[in-house]
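Look at the two complexes coming up: chain A is in both, with chain B in one and chain C in the other.
For the complex of A and B:
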């Protein structure tokens, strides 16, 4: 009947992994109550975190308003370092988003059913990260109110954006990515919004959730259409995991600048994006799992799987670092060799370079240990460290390449101003605020998928009867 | 439990979907259309001036050449608004005591120029040179329109970048012989354009730095 036939899921992730993806087989009602509880009851910790992130958002608003009214001369960047904090943060935030799509779409197509209890959080993270990412290049335009000049439309200027430049490619890639991610997230939400509608305590909330559930009744017909649409969107989203950050990397690699002009950039950036994104998933998921007592549906199996992925990505990233540096020597080009072998390791930003290399290459090595892969504290700390390391990686790529290029007479040191720091810190506030609002108003676990998984996990109906 | 939504909300939902789609398409289309209207380009809006100078009388009636007053158009980037002393040779006899000319007499005696209001305003980031256009066969009329028919001068061209660029991409059809540079109501001859372009060495100049320096 179903157009999308799924083979029976393998619940053990790999040979020797003996953690279940769900523990205690809670029934459907218990799952609904557990996931929806934060929607109906707001805890004090939520308000405290919300207040902190709202302050961060205010800082962002203030620094953005200052930048827009005074101009981007308030930032530290100046020729030759025309791209600095803004583009670093743009690439970093957009990379964060990739893990969300990776978990939700890639793993759906690969039939990794463990994704069901964490994909909602990961997708929300993607969308909020993209909102933050878009902010930076828009501000960097200098006159953000002319942002629409980046879009090819029939303007009275009779000229198009420069299609040979990677920047309009960025606009196309990021807007496509945002649209598909939003649609994918919302579609997956519909059955859960209907659950929220049906169990909401007041008529007003039932109506609001009912409005967003768009008449979902959970009929066989609706489920059939839903599954087709969901897999189609996943198929649309999956290539974007690869393409979006590849396009972002072209901002750099199509330039002739030593440190940017490299063919390894697209895969190197995609790997780094998924790596940092997985770290962000853990940073969000681990406290959430603890606060909402989601231990039964977010188990060691999930942490183990994410940690393994991070280890794999970390190794690929380390490989990219090695190849990049080797190729600069192998090119026999003086400028290339100078950037990779002198300027980065021993130049003015050498400290950032070495910290970045250390954090990104060494910290995932912890995950060779089976015990550390499921240790919440170790995972959380390693993820924070990796997030910082990945931000520094983009900083190193952008600033150390620009500040010392071919012309020694134009060498210039970049030092961020308080506005640079304020916008960066403020963007964390905005991200946190959006995420907290998401936790308060949207079911943060894909209940329908978890329930489906529970039924598929039963060995036979006789052995373990359904308790709904 | 009563139904969460009454029946008519189905219609409302569909209507909302259609309205949202129409807005998403309609607003950008409407904006793109609006910037092309004279409302946005400020075309055809007569600009009030300190003296009720009527171009119809001077150009059509007295047959005075544009360059008699705007004499720097051929030599300078700026076409020039004439000093009031230019009025004197004729107006020392004609209409000398008219009230209309009171500000001119005042300006001539005090030596303080009149403050004319600008009609064709280009943004500060656009470099424009009258002399090169006039000397290469672009007539006054091509940009300023039928000034001979204007009681109060208004902006005749949209002055959008596409308007500039369209001519810069293919200038030949817009050229006229230098002898007819100030002619109003010039009828262009199709074969003449390419010949004039060759004669005056007119090329298509569309690099950014042609106008944005």
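For the complex of A and C:
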């Protein structure tokens, strides 16, 4: 029926992995009840977390309002450090977003069936991370109410964006990425919203979910067309995993600043992006698995797979650090050598540099151990550490390159203000609040995919022989 | 072929598992029924013959147009309407324009895939005759339905009912014609 022929799925991840991707094969109704329970019943812990993240969001609103009213002079950045906290956070949040598309689109095309029970969470994370990311460059404009000048439209001023600059590329890349992620997420949600409509306990909820489900009824015709559209969107989203952070990295690498001017930047940024994104997936998934008792559908197989991916990304990132530093020496350029071999390791931000290197390079090494790859606590702590390390990496790239460039007389130390810290902390609040709202109102696991997986598992003869 | 609206009514059988449904479809197809449809909470390889979706062609064409339009906007803005001479670099900068062109292609193609799906699947459609069946809600949760057009040229209604009953469905429902 499906227009795209899928090869027979392998339910084990690889030879030698003994964990099933689903445990106990819960029946369809049980899967639906388990996934939809948080929609119908709100637990107290949800309200507590929501209150905390709402406070964070208020902090964000207050600091943003202050910035917009007074101006970005409230931030610590000043020439030569024109970019600092805001762009660091922008790059970091965009990077977080990559894991969602990686898991939902890339792994779909690679027929990795384990993604089925975690892709929805990862996609939601992508969208909310992008909302946060977009906030920073908009504020950085100084006059964010003129943001539409970034869009090419026939204005009476007759001035157009300069497409030879990397910044309009960024606008194009990030808006495309956000739009495609949102479309992909919503399309995948339609059958599950119909399930929510059909098991809603009250008339109002049935109406609201019914509105968003658009009258989905699961006919064979609809499923066939759905699969075609879903695979098409996945195929279109997949190059974005590579392209978005590559374009972001061009903001830096097409400048001539030592520390930025490097051809390694696109792959280096993409690897770092997926790395931090997978860490964020674990930070969200592990507590979720525990709170909603999703142990049957989010098993050790998932944790093991993500941990392995993180190890691979961590090694590629470490390789990038080595090559980047080596190339600065090999270039025989005094300014390059100074940035990489003196300023970063021994300059004013040396502490951040060494912590970053330590966290990003050493912590994934834990995942050589099979036991630690499935240990929730170890994974959670390592992921927090990696997220912090990746934020510092962006800080080091941006600030240490800017604060000491060619002209010694212009050297300047950057120190963040309370507004910088407030916006960063507040953005976590907004992210948390959006994610909690998602958990409360949207089915957080792709139920139809999990049910499909279950049907495929039961086809294996040793579990349940086919009736003649 | 469009999704069926059962204007002439239908006979519908409810099953508890995907396997029973696919076996039922196979049995009915072998007997020569052509106007069949399934309703299920998961996509099924039910074996009902269907036309290939033309969505990929539409997506390809719209994507191509999106790329052309993106390139044209940049050429118009930077090379034709208001060329800026910065350090003698060419106003028509092909390599630089390719990045937004790529983004425009992906954006247009994705919008085409998304909107195209809803157009082809005739959604949103808040009401459909099958929603009138009591308990049909479970078709998106854990029930698998087979629907046979009451006007199937293959045979008479009483035979459809007899042959559906022989499959031992949980329930057999007659959907009245509109």
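As a convention for this text, the second predicted complex is superposed on the first by the 459 of 468 C-alpha atoms of A that agree within 3 Å, B and C clash if a C-alpha of one lies under 4 Å from a C-alpha of the other, contacts with A are read in each partner's own complex, and residues count from 1 in each chain.
One rule holds in what follows: contacts are C-beta pairs under 8 Å (C-beta built on N, C-alpha and C of every residue); 3 or more make two chains touch, one makes a residue touch a chain.
Since we're looking at a predicted model, the values are computed, not measured.
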{"item": "Chain B versus chain C as contact partner of A:210, first or second or both or neither", "value": "both"}
{"item": "Which of chain B and chain C A:156 touches, first, second, both or neither", "value": "first"}
{"item": "Touching partner for A:331 - first (chain B), second (chain C), both, neither", "value": "neither"}
{"item": "Partner chain in contact with A:218 - chain B first, chain C second, else both or neither", "value": "second"}
{"item": "Chain B versus chain C, judged by how many residues of chain A each one touches", "value": "C"}
{"item": "Contacts on chain A seen with chain B and repeated with chain C across the two complexes", "value": "158-159, 197, 210, 214"}
{"item": "Chain A residues within the chain B interface of the complex", "value": "153-159, 197, 203, 206-207, 210, 214"}
{"item": "Touching residues on chain C, where the partner in the complex is chain A", "value": "1-4, 18-19, 37-48, 50, 52-53, 55-56, 59, 63, 70, 73-74, 77-78, 81-82, 84, 86, 89, 93, 96-97, 99-100, 102-104, 106-107, 109-111, 113-114, 116-118, 120-121, 123-128, 130-131, 137-142"}
{"item": "Sites on chain B touched by chain A in the complex", "value": "4-5, 13, 28, 32, 35-36, 158, 160-162, 165-166"}
{"item": "Contact footprint of chain C on chain A as seen in their complex", "value": "1-3, 27-29, 32, 152, 158-164, 168-169, 172-173, 175-176, 179-180, 183-184, 186-187, 190-191, 194-195, 197-199, 210-211, 214-229, 232-233, 236-237, 239-240, 243, 247, 250, 447-448, 451-452, 455, 466-467"}
